[in-house]
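Below you'll find the structure I mean.
Just so it is clear, A, B, C and D label the chains in written order, and each chain counts residues from 1 on its own.
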Amino acid sequence: MKQNNMLAMILAGGRGSRLHDLTNKVAKPAVSYGGKYRIIDFPLSNCANSGIDVVGVLTQYESILLNSYVAAGRRWGLDAKDSGVYVLPPREKADANLNVYRGTADAISQNIDFVDAYAPEHVLILSGDHIYKMNYAEMLAEHKAHNADATIAVIEVPKKEASRFGIMNTDEEGRILEFEEKPEKPKSNLASMGIYIFDWKLLRKMLVADMKDPDSNHDFGKDIIPQLLADDRKLQAYKFKGYWKDVGTIDSLWEANMDLITDNNDLNLNDPSWKIYTEDVTTLPQYLGPNASVKGAFVTQGCMVDGEVNHSVLFTSAKVGVGAKVIDSVLMPGVVVEEGAVVQRALVADNVKIGKDAVVGSADSENIELVAKRVKGVE
Amino acid sequence: MYSSFGIITPANRHVWVEGLQDYRPIGSFSFLGRYRVIDFPISNMSNSGIDRIQVYIRRKAVSLIDHLGSGRHYNINSKRGKLQPLFSENTGEHDIYNTDIAAYIENMEEIEKLTHTYVVIAPSYMVYAMDYDSLIHTHAESGADITLLYHSVDNARESFLNCNTLNLNKQKGVLSVEKNQGTAKNRNIFMDTYVMKRELFIELITKANKLSSMYTMSDILNDLCCELDIRGVAHRGFFASITDFKSYYDANMALEDIKMSQNLFSEDWPIYTKTNDSCPTRYFETAEVTSSVVSNGCMIKGKVENSIIGRGCVIKEGAVVKNCILLTDVLIGEGVHVENQVVDRRAKLTQVKEIVADPETPGYIKRGDTI
Amino acid sequence: MKQNNMLAMILAGGRGSRLHDLTNKVAKPAVSYGGKYRIIDFPLSNCANSGIDVVGVLTQYESILLNSYVAAGRRWGLDAKDSGVYVLPPREKADANLNVYRGTADAISQNIDFVDAYAPEHVLILSGDHIYKMNYAEMLAEHKAHNADATIAVIEVPKKEASRFGIMNTDEEGRILEFEEKPEKPKSNLASMGIYIFDWKLLRKMLVADMKDPDSNHDFGKDIIPQLLADDRKLQAYKFKGYWKDVGTIDSLWEANMDLITDNNDLNLNDPSWKIYTEDVTTLPQYLGPNASVKGAFVTQGCMVDGEVNHSVLFTSAKVGVGAKVIDSVLMPGVVVEEGAVVQRALVADNVKIGKDAVVGSADSENIELVAKRVKGVE
Amino acid sequence: MYSSFGIITPANRHVWVEGLQDYRPIGSFSFLGRYRVIDFPISNMSNSGIDRIQVYIRRKAVSLIDHLGSGRHYNINSKRGKLQPLFSENTGEHDIYNTDIAAYIENMEEIEKLTHTYVVIAPSYMVYAMDYDSLIHTHAESGADITLLYHSVDNARESFLNCNTLNLNKQKGVLSVEKNQGTAKNRNIFMDTYVMKRELFIELITKANKLSSMYTMSDILNDLCCELDIRGVAHRGFFASITDFKSYYDANMALEDIKMSQNLFSEDWPIYTKTNDSCPTRYFETAEVTSSVVSNGCMIKGKVENSIIGRGCVIKEGAVVKNCILLTDVLIGEGVHVENQVVDRRAKLTQVKEIVADPETPGYIKRGDTI
């Protein structure tokens, strides 16, 4: 807080229901990604690397794993003296009963007392389920340079896809003139990334009003931003260039993993100047056996491979037995592919075992197969 | 659980690992790519419920201090416990005065401050897994004054030449502590690991220091074998003593075999280390890696066989790495063939295309060298 | 968890309504005590000193300060690799709506998944609002030695007060034969301290049954313990000797503070072998001015005294001006007693200012006066 | 915010604080009861947003290493930042070769590893508050090559005799860096604090090392005053240089005055330190304490006047402590009168009932002594 006087709030209440069985017991921000990470490692590491000390994480649905995971602020170095990651689920208050968050804005509204305790000048609102690397300190510098009331990070998307996003129409200096949620005929290709910097005093006032508004959805995109524009506030767009992905489906989660083994991968997890921090799991290093063949793969500690791995991502402690084949697939933490089994175009969920000689997925399937239950092999 | 504190000792002045030790103490050596040697004694203590640990350091402290950090990654409660580095400043590296006893005497105030009943002393240069709480239990139940841990080997003629051996009677009483002269195949190699009461420990070091400024702990024990009840307890499982270059190479290579590694690592006895937050390793289309142990953060396009690959190594197309130990951030250039080598941190092997040593006398490539 | 295979759960949902204004914005376990502590520092420090690594804190009512406070596990060293303090408020689940905890047992029941994730052999149940020092490792050793199904810590209370407590009637070996909640005619003076060790497997079974029982209060004292006795399980009493205080009222909170300046103070906060850890606040040391007179007092860092302090406890950064008198009183963190003011037999709440020459409390009042609002002085 | 890293330097070989320095480096000295001297430069850096800090240590590292810990108590993110102890092992304490330049050269690898634009160098033995980010800003805006911090004093004849002074022109250009010879009342005392670009820093130490093995940073600057644009920036607020016994005593005593302390401490510039988890201090019925600074964990039954009382001190009935600095865990026995003394850690003053020194030449009682 001392350095930049900005506090971050991460919205991590998403159910992620299009990820099916992956989010049965785990909130979407806690879904595993990239061999050793969870999705929420990205905004949290970005915060740490941007010099932000205090982060509130707004959780909601089935968040015991997420809550425990982010509470260990040491993972991102967010455990220095005045630093911390604070889990903020809905709570009972003297003047309000226990209730779920009604929308993204309501999640912040219900935690005004938390933010007030730090009295920050600025508040950074983030989403817990996007994969990207961004220096929020630079965004704050631009926010200040433009003397803006709010700054919204935007990314250029292909014109034809623009109607799937919230689109910002700006003037030449990047001032936002108009915001359209999923417009049929988009006027620009600048999509909101759901990353906002607000002056806290202003946002606080907006939220207090919004809470009382019976017609509001209590949502940043639907209510707060339009209201700010209606009030003729200065909203600035911050153009982001680089990798950014919202992994909403099994296919897009699989794709995001596969991006790590393409040669033009903008995400670059191997950059020492902007590391992504995560849980420090105790495992052996990777063991590759005498029969191993691993090509075009992203493999992490604890994996043991004595079979064939091709164009695949292996998460912590995944095992591939002799003669087994893993092709175009993602093996999540603890997956075991036994001898002779074949896994192709599949995403195998945590700790699932693929039995001996079993065959999972197929080379020509339209969608990636999610394997969430044990597959019995030849006994 | 017994009330005990731990002491982790540096190697004595007779031990020298060519090359590597110029840059850091043995405890700080990279081991099996992912670990440092000192991770083993510290994890053993932490897993045994010992949370007050003194680590004696003689020189080149930077990498070791950095690795020890706050001790939290070893699962030590930072309020109740403490992983404390202590220094020997009074004696030079190769001084005859440079002994474990001298280091204890120099830091006596820190030892006397503690109130634990027992002390467990373990070396920073040996690799093994051991439950010290059960060792203390064996010690306490036996009524011995001092308990020493040993490992029976059948290759003492050519190996463990820098180690002490225990000469035991039928009841496992220690008759003498002697240098391994390489004169016999079968020996009980002393694992430089002691259990005794704290009071006796203080008494012994005071006595040893009075007898001779050159005395070591094993010297005084050898003197007192008749007076005191000193017993040996046999250790089983993987054991390596890293006391010369070859033993460092061999210990790593032995664990390249997953079956052998199961004698050291087990689910209920985690070996902790400090994370470097490296990303996973990327194997490219042209990679061919077999029978190897690989750390995170590598980029592999070449061929790797029977090797230990440290964190952040880059192995370019057409390169061949065979029977090697690569430490952190090593670069093997295109078409370079390297065999039977220990390659120290940040070395770059790009110009000379063939760097092959004899398997019996593996080579060493210096830290940061470009070859 | 490795060392003793026991996980601790601290019940910290109490409203503490008899502490009036002190608990308006702060849950009772977070109330300040003893100059620099909060009440919950005691069970948490006991856990740390007993070698317990993982602690769940069950919070409920208005717990933003409590949640943030305990989340910083570093304060008690509970932030090593496999260690942590986890805040567990009620939460929404796939098969259950968001709801408050219905009782002490229900709080654990709703977090069975949390406990299961650590698969402990034993679970230690604690209360978040008691002041005492206890080695739970010793209690566990006794639990094991007796091969008990559950062990309950008890303390001898004066016979005439016994009817205010839950009383355990035991045999000569300490096995509990009968448990009576606030009996009119107590048969023993062994009061339950609300500290339980259970074998997790057994407790888990009991809780699952209890959750389904429509007649249950979902309370350890009222339901779980009686049921265990009815089932003829082996319940062992663990006799505790030493200081133990449940500070339910302003008078008892004041008294507990005053205990620290009596000569036979069993609590002994100055024992280096069993420190009580707390937040590390950045302040100056204590400054005593040229006119200071401090006698029979417990004073902590950040205090500045240039007046008279007699038989009082001064919390972090309390200030006493020239000519002011503080007698038989407790000044909570940040209290300012301005020049010439007199405070007597009072407990002044956090950050309250007593104005110049104001007079608060009186020497012969029956009860201690709680001063929770600014007292204007002579302008 | 500027991209910068910090270097905290030990005192050079001309500095010696009688008594206290036998046991620890000046940075590790207890200050105002609650702090260590090094808390000030580290807190200054942390508050200025500098989270990569190298602390150079020459000897007696134990207490300092322990105090620095993981750096988290200084509010430094342990993943992104680092509070890194670095050692000078190549030179002895009183060697003529023992210079700051030699220490940098010995650890050049660690310096070259960093990628920050600027370096801020601050001494571990001076006490002041300073926003280094705004100092870098001043430096960058001015276009100077090097910026030096100084404090104008009017008592240079009798004080600051171990310090350098800056000889400045009207534009604050540095004409020379000279030892304070005590020949004039008014001097610009150099606060041994430098700001420059990292590249220039590396260039300077390389050059200095080539010119002479005895050269210090101030020597090379003095040589280059004509060639480079070196400027002074004046510091305001409290300033103390702890470079001899008297200056240590005086600096503590000056801050016993709450008004003076407000020149050093302020709400928005926290000075961090390592907590010891001591309980509050208990004043008994017989206590009489005035005009003093008291730490936590004390038990006071006697009379204390104009003194600094360290953590965990016990002052028995009838004792009188006047104009003293008591370090941690000191015991003043019943009826003992002690005046104008610095009493080191764990000393016990019980037998001799009157220990009084002259106010101009305060006394020193050794660590752990029983008197």
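Please note the rule applied: a residue touches a chain if its C-beta (ideal position, glycine included) is under 8 Å from a C-beta of that chain, and two chains touch if they have at least 3 such contacts.
For clarity, every value in this text was computed on a predicted model and none was experimentally measured.
*Asks:* Name whichever of C-D and B-C has more C-beta pairs touching across its two chains.
*Replies:* More C-beta contacts join the chains of C-D.
*Asks:* Which chain lies the greatest distance away from subunit D when centres are computed from Cα atoms alone?
*Replies:* A
*Asks:* Report the inter-chain centroid distance for subunit A and subunit D in whole angstrom, where each centroid is the mean of the CA atoms.
*Replies:* The mean C-alpha positions of subunit A and subunit D differ by 45 Å.
*Asks:* Measuring centre to centre with CA averages, how many angstrom lie between subunit A and subunit B?
*Replies:* One centre to the other, that is 41 Å.
*Asks:* Give me the residues of subunit B that touch two or more other chains.
*Replies:* 72-73, 79, 270, 272, 277 - these are the residues of subunit B that touch more than one other chain.
*Asks:* If I count partner chains per residue in subunit A, which residues reach a count of at least 2?
*Replies:* Touching at least two other chains: 74, 79, 81, 275, 277, 280, 282.
*Asks:* Can you name the residues of subunit B that touch subunit D in the complex?
*Replies:* Residue positions touching the partner: 59-62, 65-66, 69-70, 72, 79, 84-87, 89, 107, 109-110, 277, 368.
*Asks:* Any idea which subunit C residues touch subunit A in the complex?
*Replies:* My answer: residues 24, 60-65, 67-68, 71-72, 74, 79, 81, 84-94, 98-100, 111, 113-114, 117, 280, 282.
*Asks:* Within the complex, which stretch of subunit D touches subunit A?
*Replies:* 1, 46-47, 49, 51, 71-81, 115, 270, 272
*Asks:* With touch defined as at the start, can you tell me which subunit A residues reach subunit D in the complex?
*Replies:* Its residues touching subunit D are 2-4, 48-49, 51, 53, 74, 76-83, 137, 273, 275, 277.
*Asks:* What does subunit C use to touch subunit D in their complex?
*Replies:* Interface residues on subunit C, with respect to subunit D: 34-36, 74, 260-261, 269-270, 275-278, 280, 282, 284-301, 304, 309, 313-314.
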